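Two complexes follow with chain A in common, the first pairing it with chain B and the second with chain C.
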Partner chain A sequence: MIKLTITTSMEISDEEKAKIEKVFAKKYNEEIYPVYLIDDAIIGGIIVFDGEKVYDGSIRNQLTRLNNSLSE
Partner chain B sequence: MENKLLNITQDITKKLESFDFKNHTISTAGRIISCNDGVLTIEGLADVKNGELLYISGDHYALALNLEENAVGAILLTNNPSLSAGDIVYATGRIVGVPVGNMLLGRVINPLGEAIDGGAEIKSSRYRNIEAAAPPIFDRAKVATPLYTGIKAIDCMVPIGKGQRELIIGDRQTGKTALAIDTIINQRDKNVICVYVAIGQKASGIAKIVSALKEHDAMSYTVVVSSMANNPAPLQYIAPYTGTAIAEEFMYQGKDVLIVYDDLSKHAVAYRTISLLLRRPSGREAFPGDIFYIHSKLLERSAKLSESLGGGSLTALPIIETLAGDISAYIPTNVISITDGQIYLESELFHSGIRPAVNVGLSVSRVGGSAQCAAMRKVSGKIRLDLAHYREMLLFSQFGADLDKSTKAILNKGERLTESLKQEQYCPVSMADTVIEMEVMVNDLLSDMPTKEIKSFMDAFISHIHRRHNEIIKNINRTQTLSSEDEETIKGSLNRYKERYYHERIGTKA
Partner chain C sequence: MMNDLLLELPLGIDLIKILLHLLNFLILFVALTFLLYKPIIKFIHKRQDDIKKQLDDNANLKKEAENLKEEYQSLLKNADAEIEEKQKTAEKNANALANETLNDAKLKSEEIIKNAIEYAELEKQRIATEMKENISDIAINIAKEILDKDIKKEDNERIIDECLKEWSENND
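And now, the complex of A and B:
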């Protein structure tokens, strides 16, 4: 059983939640215990934390990476 | 102008188009389980390395020091962050490193390499890990070139060579920092880069030192790494390693570097704080078991490199503060056994007016004569003996008994030698001037002059030599010896100058 912390910028529908859980259940081959957080500071997209790795697909992170690559 | 703007917009558009937005970052992270007294216990972070820098959102950093099976113990490097249990900690993948290079000269930075002097941000293309291996044996050369401190007592009797570690040890307020700062000021125009590491000092003290260095034109070749008393203990702990990494960069470029650690006693206390908070077992005086190792690995990085590696050198002047003159306490004995000698400053000497308060009997330089020029070596042996005899006879003179002629002569000479070794702060004396002055004193040529007047007389005489007999100075600097002809010239000039001096004094009195 793996605890997943899923952060989105706004409420997502039950279908979308089910989709996410299915993908990660397949990846880890284990049951998922999901925790959903809302944080509008990430602007958009999704961040998933499984206790060991952070999968950062937020718009905030994309903008940060863009900023870093432009200032090189 | 329009073309330039057009180019810039094209550049940006190109970069935007080629940017891969879908390349989402996957970072190793953990979650804070507990956070107390600046120590974080983190679950997760399975692949983190020892000494790795960890990032917490909000620009906070921590240092991973305790790697256990199910948790990681890390210490915070920033003050007062508002963290809660459950916050995410990211691994940066890199060991703590600092920017290095010439852009650091003249700057004051904190141990993480950030500027704290209000100037421009530190940007560098080169970074160095603060922890690095010391140069192996076959990469080193013998310490043979002198590093002049500009302080007569030290350059004469406790000489320091480039690549040596010389400990400055003494009670509080005995002039330890003043000695180090004078040495830094003396390196102007000598092609030596200086790094001053302040560990746990008052901010006002550091400001005073920086302004003194600026006033004497020393900041242009000095880097100040400062971790003040209000910085968290981990920051104070890494400060000397930061300074050493910066200095090593210059050393491996073939340059000569001087580094001052002020002071390692506070460094030991900071490391004790960290170890106790990380619940590591404590030993003598509550210090952890590796308290010797943190200083030995630091000081071993000072070396004189062989010619094949550029011939650079890193000379270290660690400072240790003793309590009530006890140099046999735990940390002082540790560092004494690591360094190549010590300069022992005594508060009794300081309060009786002998400044710099160097106890010549207890101070030693294990490199000694091989890092001294021939001129200095000639006079230093005699002076040390004379001062040793003087100290012996001083006890007898306190009895008020009648003394025979030879004892009186020894006391006379010793008194005058001690007087001439006194020196003002921020007044470094060049090697040639020291040689001439010591030559005069060791041959007891001023035995008829009252002790009080010796200093002002010698100052005037040295300037006289510079004006009238400048070739002697040039000869000494060129050949690094004092020829017998130059000796005779000095003696003759001294006699004539003495007559004139008394004549003028009698003249003004009348």
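And now, the complex of A and C:
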């Protein structure tokens, strides 16, 4: 079993949670143990952390990457 | 007979007396020659020699003076030529120094101008970069503000779905 820390900017529906768990269970080919956190600093989207790797799909990350590309 | 002849000369002339006078004259002559004439001649000769020597000395001195005069004139001439040469050299050196100073000043001013242009270019680039960063920061902040306020639950879940789709495809 793998523990996943799932961060969103607001509360998500159970259906959405089910989708997330399904995708990562297939990815790891293992049962997962999700921990849901709310952090409005990410603005929107999702961040998933498995203890080693980070999957950052947050709007904050996208805006930061956009800022960096504009600064170059 | 001889005495008679002698006594009988006309006009009362006494031959003995004449002879005595002649002898007297002769003695006087000889005496004067040895006592007066020879010393005087000797003195005159010595005087002549002295005068000649003095004249010779004067001639030598005059010649020496003329030689010295020539020598000094030659030295003066050489000195004039040397002075002229030194003046020309000094003038040439002064001109060379002036030209060198001018060239140095020109090079330095060109260097200053070049550095100023480079600095201005760097400043321009720096300001442009800074402005770009500032503008992008402002744009990002504005986007953040707008999204923070306006993002809805459905939009958020749609964004999450897109991320899940992308991560699934990468897994495949």
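Following the convention adopted for this analysis, the second predicted complex is superposed on the first by the 72 of 72 C-alpha atoms of A that agree within 3 Å, B and C clash if a C-alpha of one lies under 4 Å from a C-alpha of the other, contacts with A are read in each partner's own complex, and residues count from 1 in each chain.
Keep this in mind: a contact is a pair of C-beta atoms (placed from the backbone, for glycine too) under 8 Å apart; a residue touches a chain by one contact, two chains touch by 3 or more.
Fair warning: this is a prediction, and the values are worked out from it, not measured in the lab.
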A:F49 contacts which: chain B (first), chain C (second), both, neither? first
According to the stated criteria, A:L70 is in contact with first (chain B), second (chain C), both, or neither; which is it? both
Which chain, chain B or chain C, is in touch with more residues of chain A? C
On the A-aligned overlay, A:M10 touches which partner chain: chain B = first, chain C = second, or both, or neither? second
Kindly classify A:E21 by the partners it touches after superposition: chain B alone (first), chain C alone (second), both, or neither? neither
Touch check for A:N61: first (chain B), second (chain C), both, or neither? first
Touching A:D40 in the superposition: chain B (first), chain C (second), both, neither? second
Find the residues of chain A that appear in the contact set with chain B and again in the contact set with chain C. 55, 57, 66, 70
State the interface residues of chain B toward chain A in the complex, per the touch definition above. 12, 15-16, 19, 21, 23-31, 43-46, 88, 90
Touching residues on chain A, where the partner in the complex is chain B: 49, 51-57, 61-62, 65-66, 69-70
Residues of chain A touching chain C in their complex? 8-13, 16, 19-20, 23, 26-27, 40, 43-46, 55, 57, 59-60, 63-64, 66-67, 70-71
Which residues of chain C touch chain A in their complex? 129, 132-133, 135-137, 139-140, 143-144, 147-148, 151, 153, 155-157, 159-164, 166-168, 171
